[in-house]
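Next, two complexes with chain A in common: one pairs it with chain B, the other with chain C.
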Partner chain A sequence: MRFEIKLAIKNIKGHWGRSAALFALAALLACSIFGGSIIIRSLQNGLRSYEKRLGADIIVIPEEAAGEGTFESILLQGIPGYFYMDMDVLEAIRGLEGVKAASPQFYLASASSGCCDTLVQIIGFDPDSDFSVKPWILENYGKMINDGDVIVGSDIRIPENKSFRFYNVECRAVAKLGKTGTGLDSAIYADMNTIQRMMESADKIGFDYFESVEPENAVSSVLIDVTDGYEVRDVARKINLEFEGVRAISSKDMVSGISEGLSGVSKVVGGLIVFIWGLSIAVLIVSFNMIVNERVGELALLRIIGGTKKMLAGVLLWETIIISVGGGLLGNALASLVIISFSDILRDALKVPLLLTNGWIIGIVFLFSVLVSTIVCVLTSVIAANRITSKDTALILREGL
Partner chain B sequence: MNLSAKNVSFKYYGKKKKKPIFELCSTSLDVPEGKLTAIIGHSGSGKSTLLSILAGVLRPEKGDVTVGNVDIYSLSDRERSFYRNKNIGVIPQGNSSLKHLTVFENISLPYEMYGDGVPRENIDAILRQFGLIELSDEPACGLSGGEQRRLAIVRAIVRKPSIILADEPTGDLDEDNRKNVLSELKKMTMSGTTVLMVTHDKEAEGYADQVFKMENGVLL
Partner chain C sequence: MSTKTKRFGITDTILLVLSASYYLLLLTVFKPCGPKEDGSFMVCQWSWRAVLVLAALTLILSIVRFVIAENNIRLGLSIAILSQSVAAIFIPGTIIPLCMMESMRCHEYTKQGNFVLAILIAAAAVVDIVLKVKAKYSKKK
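== the complex of A and B ==
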């Protein structure tokens, strides 16, 4: 091993207190950009998958559900919920100009009592008219599901016997959907027949979900695919004007509502990163200056026993590289752990979709942030070292150094 | 190998840069092989400064320093450093060691710097001679002032350099150690090493074959 590296390692070990402090700073530098960019990317990623999974141009729901935010909390936080409106709306919407296809969905929250296995959101769809869930099922299962089959979101654990019971109706889990980073990951999808049976059975055993509507005439939402050439917003506005008691929301508006919120989050994260960097760089500059001053005697000694100026700079440089690469790797490893284990909590806290970006992007950002923080550390240390090593007189050994 | 300085001068500037706070006036000096040479003088008169110039770590503003036939300041930094590593043993004034390294590691530094093998037995023998063998694996930060001094001496003489520049080698030392160091320097002089020492010590002066006096940057 080269002399400079060997001595650098001994110096780091010999001054472990100082080294640990610099190590922590390097870790902070790296993990702040790493963590920040992964979170921002994951939010963007979550938003994209959310829009894709919604799969419709317009969603029509009962007015109260929109007002109380039930629908959003089902979609974003996975809090099971339900709301119903009359089936008539569906036919009326189908007759509207600009509506290419309209398909109903049924939301049912399972109960935590004995008739149900777990508390989840159950989403029923109509296989004949559906255009938003089918593509996902075909992608993950390869064919359409039958009566009594369910497809589960990625966060739901399928039991060994593959069977679930909701309101005493037996269902078979046939496939699992990909992750979206939204509340839909903890939902279960079933076709209309299955869900009708659950609704009727729920009604029979005394769950009073349907207040004013008949179970067989109830729908929760209507998903609309708008004909090409029509403005989605115009169609939505028309529905809102013509129908009482319902609310038509364009999915673009839903997503852009969230993304406005996100840009606030991104600004906070960005501001935090800038703040951490500013502070860390200031601390680094001060500490490197102090350290180099404190070490003049050490450097002068190396010089006296035959060290070149390049060698002195090399020792200081290697110390910085080892500390900042080591600190960066550790900082990022910790940040990865935190992000991976707390991403669901973060998602629920921010009330936004959060889907971790894929592994190799994380890997690239990981290495990139270590590289950037190392460069910053090296630059600040070079400035400090240069002040000393460039001047002969500064390196004269004097009593007391 | 003879060591000589011809008309070297040097100035230290204070914070304000304008007026030099210390000036080493045009100084010439010959340190011949085989004669133990000493420089004495008041504190602040410029003895250590002259020694640094002779060691090749402080470039004089004017004048040359020659070791043997080599004008050391005409060499590049790399060449001069390498030359110093192989041929000049410097004992600096005061404490000088890497405090977090052990005594043995400190002594090994000049060898390891250019990838030379570390002669364990030689080092142990000389550590024993200077009463440091027990402390060989102790970190240098725990050494007493006198032990530090002896460490610096061992580090400088262990490679048997052709030139030794010693700045107050007997400072901090007790009677026995002083004698030990001075007789070792004398012995090395007689076996052909060029030795120059700066000292305040009357006894050390007694060992010298020629003595120069430094006064306010002027060598008398």
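== the complex of A and C ==
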């Protein structure tokens, strides 16, 4: 091992208090850039996944569900809910100009005894007309589900006997969907026949979900695919004008609403990173200068016994590299442990879709942030090293720096 | 031959602080859902209770090793803390099942909080064991 490295390691061990403080600063620098970047990327990832999972240009829901925010609560936070309108709306929408395809969805909240000690959102779809859920099912299951089969979101564990029972209707779990980072991860998907049996059974048992709508004629939402060449917002506006008691929302508007919220979160995270970096760089510059001032006698003595200016600079640089790489690795390890473990809590707190970015990107950002924090630490120590090597040794010993 | 080392060192303090945080956080922030309306508990309650007992034992061992000066006993206690932390990592969800939905409190708080703190305690115990073994052999030389 080179003499400079050996001496640097001995110096670090000999002054562990000082080294620990610099180590902590390097850890903070790396951790802030790593943590901030992963959170921002995961929020963007979540938004993309949410947009993909919506899968329709326009969503039509009962007006009161839009006003109370029930629909967004189901999609974003996974809070089970239900709302219904008459099936006639579906047929009327299908006849509108600019509507290429329209497909119904049915929402039902499970009774707590159904499967999971808590309420679960059950979403029904029509396999013949659906264009929103089917691609996800085909991707994960490879074929369409049969009557009585259900597909569960990524947050629901499939029991060993693969059986669920909702409102006295026995269902078989056949597959699990991939994670989306939205409330849909804790939903269960069934075809139209299965969910209508559940709805009728719920009505018979005495669950008053349907109010004035007959369960066999009830639909929760209509998903619309707009014909090419038509403006999505124009079609939505037309539906809002022509139909009473319903609200047509373009999925772009839903996503852009969340996107605006996300840009606010990203700005706060970005601002915090800049603040931490500014503070840390200032503290590092002051610290390295103070350390060099404190060690002026030791460094001058090394010069007297034959150490070259290059060697002194080498010792200081190696000390900085060892401390900043070690601190960066530790800081990032802690940040990844906390962020990966508590990402779901963060998603619930922010009430936005959050899907952790993949392992490769996490690995690259991990190494990049260690590299950047090391470069910053080395640059700040170079300023201090330059002060000690640019002056005459005798002058330093007599007058100090 | 018995050897005595410096008490209240940095790893002793880190282990004590982490063990105390582990126990207190499990009792408060990382607690799973309470009883259901009928007074019965969900399955995650048993997993949490098992982890809580291990956390209490870890805290007791950390306090004991904080006040004892004998190096070999402290080394043994660190090995015990490491073993308990590793066992605690596998209790929620693997040895004792949790609730069926991963969006529930026991998955998001109890399991993850237990994982993070048990990993940190295990890492601190490993560092302490390595330092103590190293010190023991360097004294022999």
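Just so it is clear, the second predicted complex is superposed on the first by the 386 of 401 C-alpha atoms of A that agree within 3 Å, B and C clash if a C-alpha of one lies under 4 Å from a C-alpha of the other, contacts with A are read in each partner's own complex, and residues count from 1 in each chain.
Simple rule for what comes next: contacts are C-beta pairs under 8 Å (C-beta built on N, C-alpha and C of every residue); 3 or more make two chains touch, one makes a residue touch a chain.
Since we're looking at a predicted model, the values are computed, not measured.
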item: Contacts of A:298 with chain B and chain C, given as first, second, both or neither; value: first
item: Touched partner set for A:308, first chain B, second chain C, both or neither; value: first
item: First, second, both or neither for A:185, with chain B first and chain C second; value: second
item: Touched partner set for A:342, first chain B, second chain C, both or neither; value: second
item: Partner chain in contact with A:6 - chain B first, chain C second, else both or neither; value: first
item: Contacts of A:15 with chain B and chain C, given as first, second, both or neither; value: first
item: Partner chain in contact with A:155 - chain B first, chain C second, else both or neither; value: second
item: Partner chain in contact with A:392 - chain B first, chain C second, else both or neither; value: first
item: Comparison of chain B and chain C by chain A residues contacted; value: B
item: Touch list for chain B against partner chain A, complex; value: 12, 48-49, 52, 55, 57-59, 77-78, 81-82, 84-86, 90, 92-101, 105, 109-110, 112-115, 139, 155
item: Interfacial residue positions of chain C with respect to chain A in the complex; value: 36, 42-43, 99-104, 107-109, 112-113, 115-116, 119-120
item: Footprint of chain C on chain A - complex, ascending; value: 78, 115-118, 120, 154-157, 159, 185-186, 337-338, 341-342, 344-345, 348
item: Touch list for chain A against partner chain B, complex; value: 3, 6-7, 10-11, 13-15, 297-298, 300-311, 392-393, 395-401
